[in-house]
Structure formats: C-alpha cells, structure tokens
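After this come two complexes, each holding chain A, first together with chain B and then together with chain C.
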Partner chain A sequence: MDAFTNFLNGTIALFSDPVGILIFLGGVIGGMLFGAIPGVSMLTLAAILLPFTAHLSAEHGIMLFSVIYCTGVYGGAITAILFNIPGAPENAPTAFDGYPMTLNGQAGKAVGAAVMCSALGGTISAVIMMAATAPIADWAISAFGPPEIFALVFFGLAVAASVGAKTLWKGWLSILAGLMIAVVGLDPVGGIARYDFGMPYLLAGIHFIPTILGFFAVSEIFVQAEKKVTGVYEAPELHVDFPSLSELIAHKIAVLRSIVIGFFCGILPGIGATLAAFMGYNEAVRWSKDRKAFGKGKLEGVISSETANNAATGAAMIPLLALGLPGGALTAMMVGVFQMHDMEPGPLVFINSPDLVWVVFAAMFFANLSILFIGVLETKTIINLLRIPFQFLAPMILLLATVGAYAVRGLVIDVVVMFVAGAMGFFLRRSGYSVAGIVLGLILGKIGEQTFAQAMQMLHFEWLGFFDRPIALTLLIAGVLTTLGSAYTAFFKKHHH
Partner chain B sequence: MNYKKYLASTGTTVAAMAFSASVAMAACATDGLPASMEMPGGFPERALTMIVPYGPAGGSGQVAQAMAQAVTELTGVSINRDHKPGGSGTVGMTAFMATPADGYTVLEHIDDASSAHALDSTRPNPAKDLIPLVISQITFSQIYIRTDEDRFTDWNSFVEWVNAQDGKATIANVSKEGSMERVTMKFITDATGMKIQQISFDKGAPRYGALAGGQVDALFEQPGDVRSFLDAGKFKPILTILKEAPAAFADVPSLADVGLEFEPLFRFRGFYAHAGAPEDRVKWLQWAFQKAYCEKSYQDYNEGKFMTLIESFRDTDGARELITSTISQYRDVYKEMGLEVK
Partner chain C sequence: MGKLRPGHFIEVGLWLALAAVLYVYSFDFERNIEIYKFGATAWPRAIILLMVVAALGQLLYHWKDGDEATSGTLGAASDDGSEEAARRTGHTSLRWYVSTLTLLVIPFAYMRVPGWAAEVFALDDGGLHAAKLICAAVLILVYLALTWRNHVGGILALPIFFAALLEDMGFYATAPLFIVGVMFLMGERRPKWMAIVAALIMGILLFLFVSVLYVGLPTGNVHPFYDFSHWLVTLIQ
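Let's turn to the complex of A and B:
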C-alpha cells in the first residue's frame, strides 16, 4: 500500500472517530494556548497529561502528544512577537524581528506571517515525514555524528556573530559571553564542577529559559519603563493587517531555505526545533542583501524562524518512530506514552501498528493546517492585548516571566538569573552588544561543548581527524569563510568610510 | 526458551514478558506486608511531595510517575512530583535535604547518590542520612553491538578485534568520572587488557543513535533502556555483566563464562524519607511504598522496562545493605583509580 493510500486511511480513521476528533481539537487548542502563555509551555501540558494517557488508547495518546507538539511550537511565537517573551526557546529568534515589528505598528503582519509560515513549514515537514521516514532516519544517524554536529554548531555561531550587534567585534564578544555562561555547571564529559562557587544549584548550570526571559522580556520592560519615566514612551500602534500573498511569495526562498534547515535539524537526535529556529534565522541574515535591517523589524526574520521551528516538528518524529530515538523533551515524553501501552517506538511500530502510525501522521498534517485557520482567528483577538496600558501590562509580563523562570526547575536561583540577565540585557543593548548572540552562545555552547568533547574522543584527540569527515570539514570551512568574510566586510567598510 | 532464542524464532518479546512476570509475582507473593495500615495520627493529611532529581522523560522520571501512581492507587494519597534536574542529581538531593523532616517530602534517587557519597563523604549517605523506603528497580548492564555487525559477532571476537585496533575502537557510554559505567569499564579493560575509547553521551537517544548509526563500535547500557532495539533485532548483547546470566539472556555470556572475575555493579532506583522524620510516619511510608511495588500497575511498568529479570525489590534493610556494599566497592575502586576520595 502506498503512502498516499495509508494517509487517506489514517485520515478516515481520525475523522470517523468522535473521541479522536475531540482529542485532536483539544490537543490543537491546548498546544496553542500553553505554547502562547509564558511560564508554561507545551511541555507543561504534556507533563500534566502524561499519566492520563494511560486511560486513552495508544492511538489517541500518541496522536494527542504529536498534535500538542505541532501547535505548541507555533503558540510561543505570539508572545515573542507581541511582548518580546518567547513562549519557548525555539521562538526566541522570532522575537528578534517580531517584537520590533510590533513596536513599528506591524504586530498583525508579524503574527500573521508566523501563523502562515508555521502552518506551511509544519505541513511540508509532515508530508516529507510521511513519504520517507525510515530512509531519512537511517541516513541522519549514520551521516551525522558528534564531529558533524559540532561543525554545524560552529557554523551557526560564525553566522550568528553578525546578528544584532552594532559591530562584528561586539557580535563575537556577545557570542563568547554566551559560551562562557554555558560552561557553568558540571562538564559534560567528566562531570567536573565548574564556576559553581560552592553553590550546589549552580552545578546544574545556567538554564537558558530564565536567561531568555531575562534578556528579552525583563530587559525590554526596563527599556520601556525608562522611556515612560523620561516621557518618550509611545504605545505601539495596533494594526491587524496580515501579510499579503505577494509579500509571502516574495519570501519564497527564505521559506524554502528554512524548511530544509528546520527539517534537517529536526531529524538529528537531541538537536531539534531550537537549533532549527536559530539556524533558519541566521541563514536568512547571511543570504540577505540588507543584513542591517534584521533585528529592526524585518518580516523575513519572523518568516525564517517560524518556518524552521515548525519544519522541525515532523522531522523530529522520524528518529522517534523509525528508531525509537527522541529528539527532545516532548518526543521523549511520547516514548513514555508508547511504554504505558506496552509498546516501544522504533521499527517494529511500523510493522506491528501501522494504523497507529498513519493516524498520527494524518493528525500531525491536519494539526499544522489547523494552525492556519485557528491562528487567523486567534490573531485577531489576542493582538488586542496590546491595548492594555503599559503600567498594567508591564507588571503582568514581569509576573508571567517570574513564574516561567521558576517553573522550569522549581529553583529560586532561576528567578535571580532572570533578573540579573534582565539588568545585564538593559545595559548591553545600550552599548551595542547583542542579547540574541548571548542567548545563542548559551544554547549552542552546551551542544557544542558536548559534541566537541565526544568528537575529540572519537577522533582519539587528533583534531585533524575532522578533515577525514567530509560533512564536518565542509561545515567547518563554511564557518571559517563566514567569519573571514564578515571580518573583511567590517574592516573594508571601516576603512572605506 | 530464552529471550534471544525466542526473538530469533518469532521476533516478539512474549517469552521474556512471561518470564519476567513470573519473577515479579514470586517477589510480591513473599513480601509479607499487611494489606492495609492505619494512618498514624491521620498522616498524611495532604498530598505528599516527591522530589525527582532528573527530568520527567528519563528513567527516574518514569519510575517516579509509576510509583506515585501505585501509591495513590493503594492508599488514595496523592503525590506531587517536583522535578529538580541538574548536577547529576545534586540539585534534587540538596533541595530535598532543605525540606522539613515531617514525612511529607520523599526523594527518588538512583545509585549515583551512593557513588557521589563514596567519592565525597560530605555528600549524604543514602543508607544513613536518609531512610530508604524501597528500592524498586535493580538492573544489570550489558555490552551491545549492532546485529548486522560483521567485524565481530560475539564477545571473544569483539575483544580480539578491539585489541587489533590499537586503542582506536570506541564504545558509547555515560562515562562520567566515577560513574557506574566508567568503573565497570575499568574492571573489564583491566581484566581483558583491552584498550577502548569511551565516548561520553549523557543522554540516551544520541547514545543509542551512535551505535545504530555506526558512529561507535559498541554500547554499554542496561537492557530495559534498549529494549526496543533488542525487540527490533537492531542490537544484540554480547556480554552480560553479571556473574551468572539470567534465564532471559541465557545465550549471552556472563562474566563467569568469559573468565572475568569482579563484583558487578548495579543500576538501582529507589525512594527515600528524611532520617529525622517521625518514626510512625516513616513506618507508614515504608509500608505504602513497599506495598505499592506489588500493585499491578507498578509491576506492569517494571516488566515493560526489563526490571524483573533479576530481583528488583529491596526493603529498607535490604536497601541499606545494597547501598553500603555499593559505597564500599566504589570507594575501593576510586582509590585504585587514583581519584581523590574525600
């Protein structure tokens, strides 16, 4: 039976079952809602629902989680755009340009682009997932080991250095600051404590969610509060204009590029949507003729980030279903749902439970499509939150951010970290440093350090071994050329002026 | 029929399930605990809190969820799980030690707490500074290779091949300083003279993906964690790190079969109360958690995780004995490894 027939059968099975429809709709709305509210996330919803899935059929339980995954990744874009609070780390790059668009009175356009591109990225990803799960999974794990992932991270950091900072030098310093923060805690190889200052809680490292909330939300509140005090504050104008079709078509290359990047990052176990969003954004900047416009409200920034993170959702299901390898926290919880029903994700699922697989595939496809319809309705209502006066909105945002920082691990130190990051962000932004660079350095630094250590162990501590691996070598060369290219441009421009 | 033979003939796991179920039922039939126990002074009057030092999706998160559900089914008392991951369990342990010793807060922890104390005696000793309520999962480790591997097919040919690689062979492992995995690998390499590079993966998925994708030559893991790969015929065990092979893996050589002589270390997960908690409350908690081990939902969970291939249950005294011997064993090895034992 071909994939299309299987998909049709899965669709019929999904929509001919009233309980299944209810669960599907509950997952779509719950994922969007929990994704959109800072402080809670789709993971919170999934953790709450996990024990209850024992009372559902395996098909319903796994379908519910996959739907939450699709819509939850999109939901966080709304608060990122409207309030500079990414609902989840994978929505952080959306805030880079989404929030400036809100300040420029283009909130509707930004949210509209997020809706459409999330739906598009996720739907295409779901289609590829349905067409070729097994061969893609096999290719990904054999072609991409720690050396290749480290090289990918290096390339990502090289591109990111030119994002958001006033000068290349400040861009690199921002990235390095993020990398420094990433090394706090136990080292990923020997478990040796670093920079813990005798505090057990610091052994767990600085978590990136409170850091993101601090650098983005809290520092923004400080910036706006200063404007309010000095009398230069202006409430953002409210427009609910969606991007036109021609605007979206004009960004077709950015969309396609982000789908490829997002899908590619999604299939790598342990990488997932966060790296996808950052890489999608970075590549948009790298290939743009107008790099300086990024970070100031460029629609392409929102499009690239949101397309990529949703493109990662379908892709992340590939290693999970084909190999039993979860790519992130939510897919790891899905393993728990499988196990509650005496099943294990992996190749046998396709043989033993093909009906389940195709109902899940169909549900993910339609969940991504439903982002488009429900998202449009949601946008026209939720955007009115911007009408709330700043003196009421700011404490609400601070409260939500505080709850969000604490909720990650139930640690007060995470709240402290958030406010310290907020204060640092306030001053660093004035000095032309990039808070996005710091956050990216922190997130990619943790992945990069671990994969570098693993790569060196695999290469028997001979760094020239990277040259024997074509994909790693290509990415490293691309990273070096990007760095040299941006340095040359910066130097040339300085002397030219 | 053992697991390997059954898989070879049918590709399913029913034989292993049946075998493990019989072991589990035998353990619960002899527990001798009363069917019910009066709540001392009404304790607990509210929900208990279970601190879990790892995330909800991993092995600890799952066992915590399964045990909490079983205790609630048995007693009607709710348990809120509070995940505090980080620092290899240090953050959760620190948070637990800061809570009041009133019996309302319990801790889930794994053998890492014992090895941490062995290395640094200022860290809490789970056998003395805490009261073990129950150890509900004990499992052993195995060495795995890909089933389609043609460079070596069993333990002897693996050792031969590794020795021919002059230190270039690799094995995916957790491999943190002083971990059960690293210590066990030291035992094995010392005894066989193998030089093998251990690659550190702290998360399961990339670790298993590394073997499945051919990034490494072998994998050190516990059978329950790679069950899907075993069921699918992707991985096969070539050594069981036990003195005698359990019936389900009778065809896989054990330590004795390949002439390795060392005391195997176990991965274990259990639940603890504060040492200073009121005695009557601790007794009730011991009853509730030990009895919950025999609840059907918990037994089903343990079976699914391959946690009944060897005796997985220890009551308080049994847990103390296991923890104390584990600490002593780790300490000796650490000194031998030249690690600074505080």
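Let's turn to the complex of A and C:
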C-alpha cells in the first residue's frame, strides 16, 4: 500500500507542524462559518485569504484552501436548510427538501443528516482521491501534451457555460468575458502588448487577485446590501436536534448512489460540486417510488444532495493536481495560490513536491472527518454567530478585501479594480450571468491560449492534426456536443417556471 | 416582436458594442510573430466573434422565451434572489440606472480632475494638494445628494470612491468614515452601535495588519491626512 504509507507520512507531517495544525483548524472553522453565514460563502473567505497566502508556504496555502473547500460545502447546507439561502449553488438542492423540513419542525434532523452525509461523502471521496490521483498524474505526464490540455480546457469551459448561468448564452458570455480579461497584457507567444491603452498598469495584465476578490467577496456584499436596503433580507429563528443513526442507515442506497454520482461529477472540469448536488438530487427523485414527497421535506433529498456535493470535493482535486486544470471557482483560486509561489499545478507537482500533495490529501481527509465532530458539537454555536447583523459584517469584509487587494503589490489601483469588478459582478449577477464562469475564464484563459499556440505549432498549423490525437479529439467533440446539446434543449424543450 | 423588451436590446447592445470596441482596438497589436503564424490577434478575435454569436443567441432566446431560465442550467437554482430584489424595488428603471451610473463615475472624476486642473493652471505641489481637497469636498457633496434617494447606488459607488481617495487621503483616516457609511447605507441608524463597530473593526484591522503582519497600508500624501496616518502608525507600533 504505497498510497497508505504516503497518507501516514502526510498525516504525521500535518500534525507535527504547529503552524500547520493552526491553519488546519482555522480553515475547518472558517470554512464552516463562512459557508453558514447568510450573505457570504466559503468563496468569500477564500477570496479574502488569497492575497495573504503569499505569507504562507505553498503547502500551507493549498492545504488551507482544500480544508475550506471541504467544510465550506457543508457550512452552506446549514443556511440552505434553515433559511432557504444556499450558502453556495452546490447547496441549492439541499434547500429543496431541507427548508420544507425546517417548516415542518424537522430542522435538527435535516442539519444532522447534512452533517453525517457531508462527512461520509467527503471522507470516502478523499480516500478515492488519494488512491487515484497519482496514477492519473503518471498517465497524464505521458498522454497529455498541449493539444490535450487545450481540448480539456475547451471541454471544461463548455460544460461550465452550459450549466452555470441562467441561459446557455449567458453562460458563454460570462466565460468569454473572463477570457477577454485574461487577454489584457502581454501575449503568451510573442510578448506583444494587447489592450494596454498606453497604461503600464494594463501592460502587466489585470491581476487575478483583485478581480477574484471583486467578483466573489465584493459583489456578494453588494447583492446582500440591496436586499438589506430593500427589506428582502431577513434572519429567522431556529433550534437544532439530531436524527437517529437508524434513520440514516435506512438511506444507505441513496448515500452510495450519491457518492458515485458526486465523485464522477467532481472529476469533470467545469462545475464540479454544483452539478454533483443537482444530479445526486435528481437521481434520488428518479429512483424513488415516492416521487411526489420530494420537495415537501423528504430526508432523502437532503441526504442525496449533501452526500453528492461533498463527494465532489475530493474528486475536484484530481484534475487540479493531476492535470493542472481547475474545475470550479475555488480550485481556480488554488491555481492562484500555486502561481503566487511560482509553481504550476499539474502532474509535475507529484514529482517536485510530493510532501505538499500528501499533506493536502491528509488535511482533506481529516477536514471531512472533523465535519462530523465539529458539526455535532458546534452547530449551535455557529447558529448564534449567524445573528451578527449583516450591516456590521459587510464593512469588515469590504475592508479585509481592500487590505488584501492592496497587499498583493502595494498598488491602490488594484483596490479600485477590485471594487469596479465588484460593481460589475453585482450587475452581472442580477442579470443571470455567472461570476464563477468569469473567474474560470480568467484563470483558464492564459493556459488555454498558451496550450492552443503550442498545440498549433506542434501540429504544424494543421487543424486535422487533432484527428491523430484521440484524447484531444474526444474532448473537443465532447465540448462541442455539450454546447450543441444545451442549445438544443434551450430551443426545443420546456422551461422552468 | 416576440417577448422582447427594450432592456433586452440594451443588454445585447452593450455586448455588441463591447465586441466592436475590442475589435477596433485589436488592430493596435496586429503584428506578425515569426514562430506563430496566427499572431497575437487570433485568440482575442476568436473570443470577440464568439461574443457576438452568444449575444445574438441571447437576443434570439429573449425573443422566443423572454426571461425564463433554460432547463438543465443552474440558473433558477443558483439565483440568489438578486433578480427578485431588483424587480421588487424598481431598481430596474432607467432613472435608477442613470443615477447609479453617475454615482459610479464620481470616483473617476476625482482621479482625473485635479490632475487636469494642475496642468491647465500650472499648479505647484501645494496647489495640486489644495485642488485635490476641494475636488474631494465637492464630489462628496454630489455623492451625498445622489445617494440620498439611491442607497443601493450609493453602496456600489462608496467603495470605489473610498479606493480613489486612498492614494491621497490614506487608509487610516478614510476607513472609519467608510465603515460608518456602509453601515448607514445598509440601514443602521444607532450612533452608539456604529461607533462601537467602527472602533472594533479598525482595532482588529490595525492590530492584525500593522502590529502583527506589518502590511504597510496607504498613508496618503496630502497634508493633514499624511500626518495623521504617520502619527497613528507610530502610536500602534
């Protein structure tokens, strides 16, 4: 058991390092808190912390983000169940049945189920991740050249565009806007300045940290502020008690199904945990004999969606670490952490810094386990913290973002860019665009263009060269089919109401 | 006309205008790269083309289906209530957009006007600083007048205004006002609580970043703000 030895070494390294333990615990609690507080999400926390990871080692930075990822996905379930406000899109299906359960007076049972299923789904996913990532990375080193990586970027963006926004077109416009932001600055092949308009600031390219902070942390505050000003925002009362174990065991099939679904969705670049939660929920409905009970407070609905979204967290690390491609907003920020330490995520990480990989893996495993303990012990404390009025929280988050954006390069203009991105994000969100799509486009834009250029040089500018590379061809076709498929759905199928 | 509304044309029009501007400016960097025959323009132009296609697709979609979300997307579920909030409050009217846009322009006026004034009247450093102070004061009044009837627009513009003032006025003097401003716009009206929270947030931030992490925050360069920042930093450290 090679992976097992590595895991043990990672565990020892993690828990023998006092700073590491501190960061681990901070990440676990912070992720859960920010996931749970209505109006902010784990992405807000991650965005605020991103600039400061420059002060941490790469190992600690990535570890912190992966821990926030695991516990944040759980934290979002609390607000989805109690207030019908999903902490993040991946918790949205949890609210379908979780909130009706709260209305039926079963809030405690729903939260308890979310705790146990998140921990279970996440832990099992972490185990599979540990076993599978290294072999996939090994394979990727030989099988993946620039054409394959470009094809994978294309496929990931196509999936994200097709499911991420209100319509297929808005999904694509979000992605394209992100890709366009990435174009500003020097081109990756010839070093020619693009869209710099004579300004040295633009010549260096728009930095991704202020942009990410603006689109996630700041625009989130603006959206909540509008609700607050207009009285749509309200924080309800609540209390918690836990379900019995036998009730959970009765749903073992739902749990297993969601783990499998969650894991496979998580591997897909594009939208990971969100798609996982929706598919987990949809399949639970489809397989059920009692379909009509869903949406009215059925425990199985909460179980299916919460197991699936946490099962996707471990899986999402596989494309990031094995191929260097982020699947979602949070993994995109992890690419940012790598870049700040002059590293590139990808298969070579396994060769160059195996310690980092295994500390991160061990941390994810224990973060998921700790959901169980902290979830059971601390949920009531968290609920009390939720009573902090949002108007006190908002200036704190905005100022933390200000300091963060400024600290990156010591430029006030970065702060301006962040707040402008925040205002743009506010308008885009209101109109049904996807800010996650923009950030994914921004992060993948440079990789996409660079690998495209390399691929074209490799194939001597012959488009047909892709036909000699089965993996690349398959991915490109899959991307095109995803787009065409959702275009077809958009034009010929019935719509939501 | 199907289900099209004027708002749909404006939205799609903005995308097409953006694409047009980006296309025109792409000629600025149309140069050959010896090792790469597509050059520096191929990638951005492909993005621009797709942008036009997607914008037209969106127009067609609005024409057929109005404002509904596509089935199979997460649009309906990931909807964080922001659209609903906007609809309920009339924050979709043209008047609201004009007022908000004006508010958003204010910070940029501050970033440009004193510089122009210094050029036109050949001001020295002292004159430039005076111009900055006067300009800031005037723009704050304009901001307050517009925000009076448009709190949401005020919240959107306030952080940008704050950021624009950072360079000259510094973080230490402007941040407490910023905190109070955000709280007030979000409906907090109790002076005691505003003072406590502002002091608490400043305390945490200054302790964390100035005493522990030694992150240098902008001190400003205009008298008396610079002197205030300097005094405070010495006090904390």
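Just so it is clear, the second predicted complex is superposed on the first by the 270 of 497 C-alpha atoms of A that agree within 3 Å, B and C clash if a C-alpha of one lies under 4 Å from a C-alpha of the other, contacts with A are read in each partner's own complex, and residues count from 1 in each chain.
Just so it is clear, a contact is a pair of C-beta atoms (placed from the backbone, for glycine too) under 8 Å apart; a residue touches a chain by one contact, two chains touch by 3 or more.
Note that the coordinates shown come from a computational prediction; the quantities given were computed from them, not determined experimentally.
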| item | value |
| --- | --- |
| Touching partner for A:L323 - first (chain B), second (chain C), both, neither | first |
| First, second, both or neither for A:F419, with chain B first and chain C second | second |
| Per-residue contact with chain A, leading partner among chain C and chain B | C |
| First, second, both or neither for A:H460, with chain B first and chain C second | first |
| Which of chain B and chain C A:G410 touches, first, second, both or neither | both |
| Partner chain(s) touched by A:P345 [first = chain B, second = chain C, both, neither] | first |
| First, second, both or neither for A:F278, with chain B first and chain C second | second |
| Touched partner set for A:V359, first chain B, second chain C, both or neither | neither |
| Which of chain B and chain C A:G190 touches, first, second, both or neither | both |
| Shared chain A contacts, counted only where both chain B and chain C touch the same residue | 189-190, 192-193, 410, 453, 457 |
| Residue numbers on chain A that touch chain C, as the complex places them | 52, 55, 85-86, 89, 92-93, 162-173, 176-177, 179-180, 183, 187, 189-190, 192-195, 197, 218, 222-223, 225-230, 232, 271, 274-275, 278, 389-392, 394-396, 398-400, 402-403, 406-407, 410, 412, 415-416, 418-420, 422-423, 426, 429-432, 434, 449, 452-453, 456-457, 461, 486-487, 489-491, 493-497 |
| For the chain A and chain B complex, residues of the former touching the latter | 47, 50-51, 138, 140-146, 185-186, 188-193, 200-201, 203-205, 269-270, 319, 323-327, 329, 332-333, 335-336, 339, 342, 344-348, 409-411, 450, 453-454, 457-458, 460 |
| For the chain C and chain A complex, residues of the former touching the latter | 11, 15, 22, 25-26, 28-29, 31, 33-40, 43-44, 47-48, 50-51, 54-55, 57-58, 61, 64-65, 68-86, 88-89, 91, 104, 107, 111, 151-152, 155-157, 159-160, 162-164, 166-167, 171, 175, 178-179, 182-183, 185-188, 193, 197-198, 201, 204-205, 209, 213, 215-218 |
| Contacting residues of chain B [partner chain A, same complex] | 11, 55-58, 61-62, 65, 69, 82-88, 90-91, 94-95, 167-168, 170, 175-179, 197-203, 205-206, 208-210, 212-216, 227-229, 231-232, 234, 300-301, 304-305 |
